[in-house]
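Each chain gets a letter, A, B, C, D and E, in the order it is written, and its residues are counted from 1.
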Amino acid sequence: MGLIERGKLPKPLSHLLGLSRSYSLWVYQWGLACCAIEMGACFGSPRYDVMRLGVIPFPVSPRQADLVVVSGTVTDKLAPALRRLYEQMPEPKYVISMGSCANSGGPYWDSYSVTKGVDQIIPVDVYVPGCPPRPEALLEGIVMLQQRIRDEDMAERWKGDPIVVG
Amino acid sequence: MTLALELAYWQQLAIKVLAILVIVPTATAIIVQTFLFKMMAHMQSRLGPMEAGPHGTLQLMADGAKFVQKELLAPARADRRVFTLAPVVVLLSTFLLFVVIPAGPGIVAENLDLGIFFALAVSSISVLGVLMAGWASANKYALMGGLRAAGQLIAYELPLVLAVVGVVIQAGDLSLQGIVRAQAEGEIFGFGLIGLPFVLTQFLGFALFLIATQAELTQPPFDMPVAESELVAGFQVEYSGLQFLYFYLGEFGAAFAFSALAATMFLGGWWVPGLDLEGGLLANVVGPVVLFAKTMAVAFVIFWIRFTYPRLREDQLQSFAWKYLIPLSLVNILVTGAFKVIF
Amino acid sequence: MPELPGLMKGLNVTLRTMLRPAVTTQYPHVKEAPPSRARGVIALKEENCTVCMLCARQCPVWCIYIEGHKTKAPPRRAGGKPRTVQLLDRFDIDYSLCMYCGICVEVCPFDALFWSPEYEYSEPHIADLLHDKDRLGQWMEAVPEPEPLEAGAVAKKK
Amino acid sequence: MSSAEPGAGDDPARRPSLPAEEVTDPTLRAEVDNPADANVPTGAEAAPGGGTSAADAPPLPAAGAPAELSSEQTPPQGQQRGAAGPDQGLADVAGGDAGSPESSGHTGTDPPVPAAPANPPPVQGGATVPEQPPATPRAVAAEGALARQAKAEQADQAAEAAAGAGLGEEPDPGLDQPRRDLVERLGTALDGGVLDVHIVPGVDVWVRVGIDHWHRAFEVCRHHLGLTYFDFLSAIDWLPSPFGRSEDTGTDEDAGADDRAAGPGGPGELEHGVTGGSTRFQLLARLVSPTSHLGLTLKADVDDVELRAPTVSDLYPGADWHERETWEMYGIDFVGHPNLVHLYLPGAFEGHPLRKDFPLLAREVKPWPGLVDVEAMPGEAEAASS
Amino acid sequence: MSMLTEHQQRAYIGGQAAEARVNLELETDGMTLNIGPQHPATHGTLRIITRLDGEQVISAEPVMGYMHRGYEKLTEVRTYPQINTLINRIDWLSSFANEVPFILAAERLMEIEAPPRAQWIRTIFFELSRIANITLFLGEMGVQLGAITAVFYAFRDREHVLNQIEAATGGRFHPNYDRIGGLKEDLPKGWVAETKSVMAKVRDFCDEMETLVGTNEIFETRTRGIGVIPVEVALGYGLSGANIRASGLDWDLRRDSDTPLAWKEVDWKVWTHPDGDSFARYWVRLQETREATLIVDQLLDGLPAGPIMAKVPRIIKVPPGEAWVATENPLGEMGYYLVSKGDLGPFRVKIRTPSFNNISIVPWVLKGVYVPDVITILASLYFILGDIDR
C-alpha cells in the first residue's frame, strides 16, 4: 500500500498530498476512436497543451499512470482488455469518460457489439459530453477532476467501499 | 575537502555523503525541470507546466510527492528480491559518479588520482541494474528491453573510454583535478590567456564522447531499449511508484553526471581565466557556478538531439558503433599520441 | 557517415521553434470563443415549440423525450372562440447519448431549437447530463446571431 | 510466399480481340516518347522516358528544371545526398516495359514492372514547394471535360431506357463499347455461365453467374480480362426485415412507411435488385482493371439450404479476409478457405448479425421516444384524442 | 543510400522469404509477441500476434474487431439523413470525405445533380479533409520512429484546418454538411480569404516536415528498402491510395473515374514513386498534401456563385435500384454499394473501406522483418481502426 494508511491524516497534510496528486496526473495513452484524436489534440497540440495543468502524457505503461481517459467506443471484445488495464494501474487512480460513446454508447446505442457506457466496466470520475468533445471541453473536465482530487478525503478512498457511480 | 576546522575522518565522510545525497537529486530536478519540461515544450512551441507553482517551477515537487503516494505493484511471477534491487543498483552508479567530479580547487569529494578511470568503471554498473530489471519483471517486453540495453551499453562503452584516452594523453594525468589544471596551464601557440580547453584540440574526442553519452543514457537516436513505440517503455514497464522514481532519477542523474564529466574534460571544468588554481575563497565559490553553467550547455546539446532525431534500428546502431565510432576514436588516439611525442 | 545536411537542418527547425513564442492559449484563464456555427449544445426556445414531436422522431439516437398536453388558449381576436393549443410539460435532451448531428435543429418547422457554441458542461454524475426544459432555456442566451454568408451565396429561404 | 500470380506471362498473346483503341492506343504510342504531353483523361499515364533510355529522353518541360536532373529519381529534395543514386534507377524500371503495351498485371516473367509505368517524380530545385506540376495544358483538361459531358448525356438517356429492364439487352447497341465487349468475352469464356447482364452505359456493369461458375468467372477476369484489382466481396440478404425500424407510430403516414404492420411477416416474396436472382442470399463481388479503370460487379445466388460457395482467395489473396467477414456476417461457408475463423466478432458470438432476421435488441427493448403522443384535454372524452 | 532498382527489390524480398523459410525449418519454438490491442504504434485498437525468432518476425496475424460497431447493420435501420451523420465516424480523420460517396450514390439513384457551387464546395472540403488527415500522418510517421517533436507540429498546424472546417460546417470532426442534392448551408463571410492563408501555413508545415523528418539520414536508413510491396501483390490484395501509387501504379480515382465533383476543372498532378518501400509511401503522401493545398487554392479562386441546394422533396425516398460510387479518400478508395427498395432508408449498404484492404497485406509484408521494422511498415501503411473494423 502507499504511504497513506487507512487512518485519518491531519487536515493540512492530506490537503497538501491532495494538491500534489492533482498537479501531477500522469495520464496513460489509451486512444480508441475519434475522441482519441481530440484527446491527442488536447495532449499533443501546442494550442491546448495539457502539460500546463501538470497532466503529463509521458507514461506508456499502466504501471506509471494514475489517470486514464477512455476516449472512444468500447466494444464488447475490448471490455476485458480495458478492465485488465484498469486493474494494472496502481491505486490512487482516476478515470475520465470522454465522449458519448464512452458515456453511454452514443451513436452506436443500438449496435450488437458496443458496450453501452464504460461505467459498466470501470468506475468513472468525470463524464465529458460531446461527440467528439472539443479539446477545451476535455481540459474543463480535467480541471473539474483536479478540483475534486484536491478536496478528496484519502482515508475514505482507502476504505475500499465501491465508489458509487453516477 | 580541506576545511579550516579539523574534523575526524568519519565526520568529513558524513558531510561528503550528505553533500552528494543533496546535490544529485536537486541537480536532477533542475535538469528535468528545465530541459525535459520547459525546453522540450518551447521546442514544440508550447508552454510546459505552468500551474504548479509560479510558472510551473514546483511541478517536480508535485511529481515527487505523488509518486510517494503510489501503490508499489510487482508482477506475480517476478523475482521479488532482484525486482526491488534493480532500481537501487542503477541509482548507485549515478551517485558514485559524482565522487570524482571537482567543482572547485578544494571542492571535490575524493580527488582520486585514478579519477577518470573510476568514473568510467562506475558508469558501467548501471548495465547490471538494467539487466536485473529486465529479467526480474517476468515480462516479454521488459526482457527484450533489457537485452537490447545490455547490448547497446556495452557496444558504446568502448568509444566512450577511447574518446577519454585522447584527453588523458594530452593532459598526462588521470585525476580530474590534474586534467583541469592541464587545461588551465596549456596555451595555444604561446597565447596563454584562456588556457587550452581540450575541446579545441580534441574536437573529434568531444564529438565521440557526446555520441557515446547519448547512447549510454539510452536517449534517441539510440533509445532502442526504452523505445516507446515498440517495447512499451522497455525494462521500466513493470515498475510503479517509488521504484519508477528511482529509474527516473537514475536516468536524468546520469545525464547530469555525464555532461559534468564532458564539461570537466573538454571545456576546462570549474576553471575560468582569472581563478587561481591553488584555491582560495573566490575560486571555491565561483568554481561550482562555472562548472554548472558549462554542464547545462553540454546538457542542452544532449537534450536538443534527443527531441529531434528518430531512433536507429538495433543492428544499424551496433554497426554504427563498431564500424564508425571505434575506428575514429583509435585514429584520434594515434594523432594525439603523435602530437604529444613531437611537441 | 554520409554528410550531415539532413541532420543539421533538422536541429535548426527545432531551435527556430524554440526561439519563437509558443502558440498556447492557457485554457482555464484565457478562454477562446469557438466559431459561431460550432455545435456545442442545443438550446430550446419554449414559446415556439408546438409539441409536434418531429425532432424526437428524427433523432438517430432517440435521446429527446417530450411530453405535452392540450389546453384552451385565449382567442387571438377579441370575440373569437378559444383555440386548442399544445403545451410542453417535459422536454429533455440526454447529452450523454446525443451525437451532436443537428438533425433536430434542422427538422424543427417552428425554429424552437438552436445551436449554441457553449461546451463547458461536463458532470461528475451521468444523471446530470439529462438537461431538462429550463436548463435548455438557459442555453438560449449563448445562441449567436446567424452570421452573414460569403459573397456569391444565395440566401436559403427558410 | 505468394510470388506474383503464376503463368501470366502468356496473356498478351491470348488477347487479340481486345479492341485496338483500348490497348495499343496510337496516342499512347506517341506519348511514350514525350511524357509531359497531354495527360490522357481516361487512359493511364504514358510511360515516362521510355523508349531507348531515360538519359536522352527530352527533359520534362517544367520551367527551370535543370536539364540533367530530368529523370533523376531521388525525391525532389534536389540536392544529392550521400552516394549519388544510380542514374539508371528510373530508366531500368521503365526501360523493361517500354516496348510492350502496358497491359494490366505484369507482362513478361522478367522482373515485373509496375503495370502503369511510374509517373516520374519530377525533380524540383531545393526543398521549396515544387513549382507547378508539369504543365498539363488546361485546354486538354477542358476538352476532356466536354467529351465527358457528351458521354454523360448519352448515359442519361440510355439509363432511363435501361433502368426498368432488369433483364435483357440495351436498347441501342452502339453504346459503351468497352463494357459490352467485356461482358461478351466473359460470356464466351464461361459458355452459358452468365445468367443475366445489366449495363448502365458509361456508369457500371453487373453480371450474374451461376454459383458453380463463380470460381471460373474470377479466373477469366484475372487472367484474360485484365481485372487484376480486387475491390471487395460481400453478400446481400434479400429477405425484407421482419423488424422494420421499430419507429412505427401507426398514426403517422410518412414515418411508418415500412414499419412492422406493413412489412410482410414471413419471407414472403423476395424481389431482387438489378440482375434479379432466385435465392435469399446472393454473393456480390467487384473487380477493377487498374489500367482501363473498368469495374465489373459479379453476383451469384447461393443455395438457401447448404449455403456453400467456392473460395477465390487462391486467385486474389485479398479475398481471404472479405470471405471471412462474409462467412461471419451471413453464414455462407466458403469451401477451400485457408482459415475460416471469426474476423470481427468475439469467439463466443452466436448468430450472423447481417442477416435480416437478426434483431437489434436495443431498438426492441427501449420504448421509442417518438411514440409518446400529446394527451387529450383533461376534460375532453378519450375518443376525441387523435 | 542509392535508389532501389528492380533487381534489388526482388533480391530483398527473396532474401527475406528465404530467411523466413530457413527459420521455419530450424523451428526453435519462437517467442510469441502480442502487440496491442492497446499499443502506441497501432492507431487505436489493432492487435497483432507475431511469432518471433530472436528479433525477426516469422508470422504476423492481425486480430481485429476491437472497434467493430456493425455499421452495415446500423444503416439498415436508419433513414438517409441519419446514415449521413453516422458515416462521418467510419474514417474519423477524413470526416467530410466519408459522406461524399454515399451522397453521390443516392444522387445517382435519384438522378439529381447538385448545383455547380455545391460541387465546388464539396471538392474544397474533400481536399481540406485530405489535408487534415495526412498532416497527422506526417507527424505520426516521425513519432513512430522516435522523433517526438514532429507530431506536435502536425497537431499545431492541423488546428488551422479544423478551424476552417468548423467555421463553415459547425463540427470540427463530424461536419454532417453534405445533403442529397447539395449542402446544408453556404460558407460564412470571409471564409475564402482565411482558408487561403491557412493553405499557405500548411505548405510551410510540409516544408518543415520535410526538413525535420524527410531528409533526415536516420529516417532514411530506417525506411528505405523496408516493407517493399511490388505492384502485382498490391493489386491482388486491393491496396489503394498512396500505398499503391508508392509502388508505381499511376491510378487516382479523382482523375480516372468520372465523378461530378470539380477535380476536372483544376490543374493538378498525380504523384507516384517506383520503389514501393516505406519511404516511398511517406514521400508520396507528402507530395499529395502539397498538391491538395494547390487544388484548394485554385478551387477557391474559381468558386462559381449560385444556389447550393437543388430542388429536393422534404421527405427523401430514393427510387429502387443499386449504385456503386467510389472516391479517392485520403486513405485510399472508399466506396458505397447502395441497394435501395424505395423507402425512407436503404435496404443494404456495403461499405468498402481502404484500410481494410490496406491491412490485409500485413501478414505478407511482415514476414521475415525485424521487430522495429514492424512499426515502420505499419506506420507507413497508415490505417485508421474505424476504417478497418467498420
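Rule of thumb we're sticking to: a residue touches a chain if its C-beta (ideal position, glycine included) is under 8 Å from a C-beta of that chain, and two chains touch if they have at least 3 such contacts.
Note that the structure is a prediction, hence the values are computed from the model and not measured.
Can you tell me the least number of steps between chain B and chain D, where a step is a move to a chain it touches?
Contact-graph shortest path, chain B to chain D, evaluates to 2.
Using only Cα atoms to place each chain's centre, name the chain farthest from chain D.
B
Of all the chains shown, whose C-alpha centre falls nearest the centre of every protein C-alpha atom combined?
Chain closest to the assembly's C-alpha mean: E.
From the C-alpha centres, identify the chain that is farthest from chain C.
B
What's the distance between the Cα centroids of chain A and chain D, rounded to whole Å?
44
What whole-number Å value describes the gap between the mean CA coordinates of chain A and chain B?
The separation of the two C-alpha centroids amounts to 36 Å.
Roughly how many whole angstrom separate the Cα centroids of chain C and chain D?
39
I need the residues of chain C touching at least two other chains; which ones are they?
In chain C, 2, 5-7, 10, 13-14, 17, 22-24, 26, 28, 34, 38, 60, 62, 99-100 touch at least two other chains.
Find every residue in chain D that makes contact with two or more other chains and list them.
81-83, 255, 344-346, 353, 358, 360, 363
Check each residue of chain E and list the ones that touch at least two other chains.
40, 65, 68, 70, 73-74, 77-79, 85-86, 147, 149, 152-153, 156, 172, 174, 211-213, 215-218, 220
Can you name every pair of chains that touch?
Contacting pairs: A-B, A-C, A-D, A-E, B-C, B-E, C-D, C-E, D-E.
Give the list of chain B residues in touch with chain A in this complex.
It is residues 37, 41, 44-52, 56, 58-59, 61-66, 68-73, 228, 232-233, 236-241, 244 of chain B that touch chain A.
Hey, which residues of chain E end up touching chain C in the complex?
Against chain C, the touching part of chain E is residues 78-79, 81-82, 85-86, 117, 147, 149, 153, 156, 163, 166-172, 174, 176, 184-192, 208, 211-213, 215-218, 220, 303-309.
Of all residues in chain A, which touch chain E in the complex?
Against chain E, the touching part of chain A is residues 29-34, 36-38, 40-41, 44-47, 60, 72-73, 75, 77-78, 81, 85, 107-108, 110-114, 131-132, 134.
Name, in rising order, each residue of chain C that touches chain E in their complex.
Result: residues 2, 4-7, 9-10, 12-14, 17, 23, 34-39, 58, 60, 99-103, 106, 115, 147-154, 156 of chain C touch chain E.
In the complex, go through chain E and note every residue touching chain D.
For this pair, the touching residues of chain E are 1-7, 9-10, 13, 17, 20-21, 64-65, 68, 70, 72-74, 76-79, 108, 111, 203, 206-207, 210-211, 214-215, 217, 220, 230-233, 235-238, 247-251, 255-258, 264-265, 267-274, 283, 287, 290-291, 294, 315, 317, 320-324, 326, 333, 335, 337, 339, 341, 343-345, 348, 350, 352, 356-357, 360-361, 364, 367, 389.
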